[in-house]
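These are the structures, in structure tokens.
The following pair of complexes shares a single chain, chain A, combined with chain B in the former and chain C in the latter.
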Partner chain A sequence: MKRTTTLISIFSGKSAFIKYCFLTGCFIFTLSGKAQQTTLTAIGNISGVPAEMKQSELKAVLMGETQRWKNGKRVVIALMKTNTPLGKTTSTKIYDMSGDELNKYWLSLVFQGKSQAPVFFTSVSELQNFVSQNPGAIGIIDKPVAISDVRSVIIDGKASF
Partner chain B sequence: MLINLKTKIWLTICSIVLIYSFFTLYYFPKQQGTLLVNNYENEVQNLANTVALGVKIAINEQNFEGVQTAMEFVKGDPRLQFISMVQSDTIWNAGHDKFEIRQTVFKTFPEKEHLSPSVSSNDSLIVKKAPFATGMMSGAILLGFNTKGIEASKAKIKNTSIIVSGIVLLFGILLGFWLARNISIPVLALRDAARKVGEGDLNQKIKRIHRDEIGQLEKAFNKMIDDLDKTTSDLNEKNLVLSATNDTLNDTLVQLKTTHTQLIQSEKMASLGELTAGIAHEIQNPLNFVNNFSEVSMELITEILEEKAKSATERDEALEAELLEDISNNLEKIAHHGKRADGIVKGMLQHSRSSSGVKEPFDINALADEYLRLAYHGLRAKDKSFNADLKTNFDLAIPKIMMIPQDVGRVLLNLFTNAFYATRQKQLAIGDYKPVLEVSTRQIPNAVEIVVKDNGTGIPDAIKDKILQPFFTTKPTGEGTGLGLSLSYDIVVKEHGGTIAIDSKEGEFSIFTITLPKQQESIG
Partner chain C sequence: MKIKLFFTGFSLFIAAISYGQSTQIRGFLDVTGAYNKKATFGFGEQDLYITSAISDRISFLGETVFRYDSEAHSEFAISIERVIITYNLKGNHNLVLGKIHTPLNYWNDTYHHGRVLFPTIDRPLLFSQNIIPLHTLGAGFEGSNLGKMKFGYNVFVGNGLGSSEVEDNDRAKSVTVAMHIKPVDRLRLGLSYYYDVISAGADVHGMDVDHLVNQHLISASVARFGKKFELLTEMTTALNHTDTTGTKTTLAGYIYAGYKIKEKYVPYVRYDNIQYQNGEMYYTKNNRQSFVAGFRYEINYLAVVKLEYQHIANEFGLDVNKVTAQFAIGF
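Right after this comes the complex of A and B.
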């Protein structure tokens, strides 16, 4: 009873409109977040990148643990920048890191010479073009677009994840 | 301290080599080392800055290409010791009113290097720090490079310096030898040759002529020897001529001296000759007395003997006594006049002898009187027709003065003779004329004055300055030597420190005034 009274008092009065807008905005944000919990697709250059991979293999590649493909081509990772929604999703879903944490992670690897850092892009088309032009390149996008020399990589039997 | 030319050359070369070696072995390597270190530090700093910039870009723009390239470049450098990323965190206290900056090493390559964020440079390590600051992370890149490369470069520079110094030293030694050979040796040869030329050896020409200033000196030296040789030959020839002339002159001088002595002796003999007649005349008188009184005495002795031969009764003793007394008186007179003659002869002998040169006190009046009479009688002995008035005015108060009587007598004789000659010449020229010769003496302060005045022919003005010169005479050849007045001047002025003054008027008179210093007061 007391709680209800408190609630009613909060959402009444002169600032009620502002409070209602704030709540609505939060709801929409939550919905958009949920809406942006999109699927990711791995694309790779047809030269070097396998057509199918396991999730664990993908993670190992994307974490920089795998330096070369089986055919000997060097692994080149292409990602969206973490200040983009796709980049953010990629960082969270695949690396389980924030954008800054991801930067730090790759900085430490590059610093120690353990791995080549990914190439970050601001648009999917640039990313896809990069993958098509660089043998051994693998990228993470949301929706694959048909480009020559680029194919979607099946991860654990699925085209998207 | 004498430093010879070779030493100077070597000192110069050694100084230059030492200075060069100092710069080459110490200064330049030090400078180069400092420059290397500075450049190295700058390079390391630039690399650190590049990595820091790459990190900043990587963090801000997610573009790892820059930091990747920089890291590959740094890791590829063999001098790399480590590269660290240091993270700076601001740590607030619980009350959030104080904070501290905590630095931790984020990552290091190579991983095995465990470093402190405060690592710094040392002798074998250069550490440079390049800060970066981003929204996500702030910190610094620490880049550590070893100094092996620098040390190797320094060692290389040092070795090069040693080699260059060695080359310069070797070059200096060779240059020193070359300079010594080409400068010192020719100069020493010139020195030795000059010494030998100075000792009289003119066969010291330099044979090898150099093609530089030393060669010009050598040519000049050879020419000097040629000139010296020619001059010496000329001198030798002239010396021979001079020697012959000298011999001739010596012979002539000897002859002249002999002739001079002969002439002086001749003058003395002439003056002696002048005296002879006078002295003979003077001696004749006392000798006459001696002869006369001797004859008378002989007669008286004969009478005494005759008287003594008589018997005792016939003898007249009073007569004998008287005769004996007469004989005694006669003998006294004989003795007196004999002494007179003796004195006259002694005087003549004294005059004929050379002067002893010893001064003695002498009566100038007596000397003047004696020689006046001697000169007059001497002239009259030769020319009986000559008569002159002799006037004397002697100051009887004059004491004896120190003089050489023979020499002063010779002077007076010469003056008197000249005066008589002059008056005789005038007498022969003029009919009505009476020769007069006045001789006077007087005392003047510290000296005695003798004045001889005649009224003869006088002395022409043109020859007044010459009459005291040796060999000057106005007499015809053979009649005078011309040395009388010259000798008189020497005796009065040089021997006795006196003076001769001459006053004359041609055709009328001549006055010779002699002063003799008293020197030492006389006796009496």
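Right after this comes the complex of A and C.
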């Protein structure tokens, strides 16, 4: 009851400053929530990368655990840099790691000679171009695309996840 | 000889560039400050490694270490740590040629000279006391992430201990067979076996071996690097047989545990133990135990600061107590 009264007093215009702060806070909270909920889409070069995959298969590919596609093409991984918002979401959502953890993971794997390092990009358009020009390349972006030589990969029956 | 290997690696590097393939040069370095009755500063190995995709199926990895060596003319020595040419046969199966980190143990194969990746400042005694052969030069096969259990294997035939970088010193070959599984994320279980015949008169780690030694090494490892808790433990049983002493057993192992307070702060402990059987002739018998307690601050994935206390109890010689700080970087 008391809490309801407090909220009413804020909206009643007693203090424009408090009202402004409250609304700004709500706006920032909404934005931050939205950033965490960004959907991801896997895109792949039409040569090698299958049209559909399971989430577990995608993770294995992006962890460097799959060296070749079924047609024999080498897997080439394209990711957004981990200091970009999309790169952060990719690290968290797909790898279950922070950006630093993901970079360390790849540093270790490459140092061991177990895998080729992914190619990291600062812009989605650069990543898309790379995937379109490299057979066997797979990348993660935020929404499906329709450009030549690139397909959006359906993951567990969905275009985005 | 080392120069020959260096030029082999360098030629592959140049070849990769001329093919327009992706080639990267990276490295590791560390600076330490230690206190053991007196304060002292120093820098460790400067490790440079090159990775290159030569073709769609051929890749190259070369690793060269520059380190202080009081006996070298320039007081620095160059060591070719790895020269690996990998040919992808099919899927996750590869043919491997060259000088590799013997894939007997998790630490040796995973970290080796990458001190920014080490969970502690120094290697466990298992590796610093020459219990296992750190490198092998030869050829073999490897596979990884096969099936649901993510099974991996290494089968490698090499020149063996006592050989030089360019030729074998005897007819015997070393054999390494290793396997591991990763049943869940962030967990790896490994088991390995190594066999070698070390000829009488061979020079191993700067020591002459007086008698022919048949060596069997059996190792097991558990590595669990979770989001909070870190556990790494390895145990090696070494069976060294000579005609005069029979078979002598050495047990060497360590256990490391760390806990991430936050993502960047990790207090940790490590316990090492090496026990030699009386009459051991191949190793220099000196039973040792070590206890390490430290704190790791990971500034980012390329810069790590560690502060550590270590107590080493020796069967022969004085015990060691030291405090060491290390700033390790990758570049």
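One rule holds in what follows: the second predicted complex is superposed on the first by the 127 of 161 C-alpha atoms of A that agree within 3 Å, B and C clash if a C-alpha of one lies under 4 Å from a C-alpha of the other, contacts with A are read in each partner's own complex, and residues count from 1 in each chain.
We take it that contacts are C-beta pairs under 8 Å (C-beta built on N, C-alpha and C of every residue); 3 or more make two chains touch, one makes a residue touch a chain.
Every value quoted in this text rests on a predicted model; they were computed, and no experiment measured them.
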- [ ] Return fit or clash for chain B versus chain C, each positioned on chain A through the superposition.
- [x] clash
- [ ] Tell me which of chain B and chain C touches more residues of chain A.
- [x] C
Open item on the list: For A:40 in the superposed arrangement: first (chain B), second (chain C), both or neither?
Closed with: neither
Open item on the list: Output check: A:100 vs chain B and chain C. Expected answer is one of first, second, both, neither. What do you get?
Closed with: both
Open item on the list: Just to be sure I read the superposition right, which of the two partners does A:120 touch: chain B = first, chain C = second, or both, or neither?
Closed with: first
- [ ] Report for A:81: first if it touches chain B alone, second if chain C alone, otherwise both or neither.
- [x] first
TODO: Please indicate which partner A:60 is in contact with in the superposed arrangement: first for chain B, second for chain C, both, or neither.
DONE: second
Open item on the list: One more residue to check, A:147. First (chain B), second (chain C), both or neither?
Closed with: neither
Open item on the list: Going by the clash criterion at the top, which of the stretches 4-12, 130-138, 202-210 or 346-354 from chain B hits chain C after superposition?
Closed with: 130-138
Task: Overlap of the chain B and chain C footprints on chain A, listed as residue numbers - done: 100, 103-104, 107-108, 110-113, 116-117
Open item on the list: Quick check on the complex: what are the chain C residues that touch chain A?
Closed with: 22, 24, 26, 49, 51, 53, 56-57, 59, 61, 82, 84, 86, 88, 90-92, 109-110, 114, 117, 144-145, 150, 185, 227, 263, 298, 300-302, 330
Task: Touch list for chain B against partner chain A, complex - done: 55, 58-59, 62-65, 67-68, 71-72, 75, 83, 85, 106-109, 111, 136-137
Task: chain A to chain B touching residues, read off their complex - done: 81-83, 100, 103-104, 106-108, 110-113, 116-120
Open item on the list: Please output the residues of chain A touching chain C within their complex, sorted ascending.
Closed with: 60, 65-68, 72-74, 96, 98, 100-101, 103-104, 107-108, 110-114, 116-117
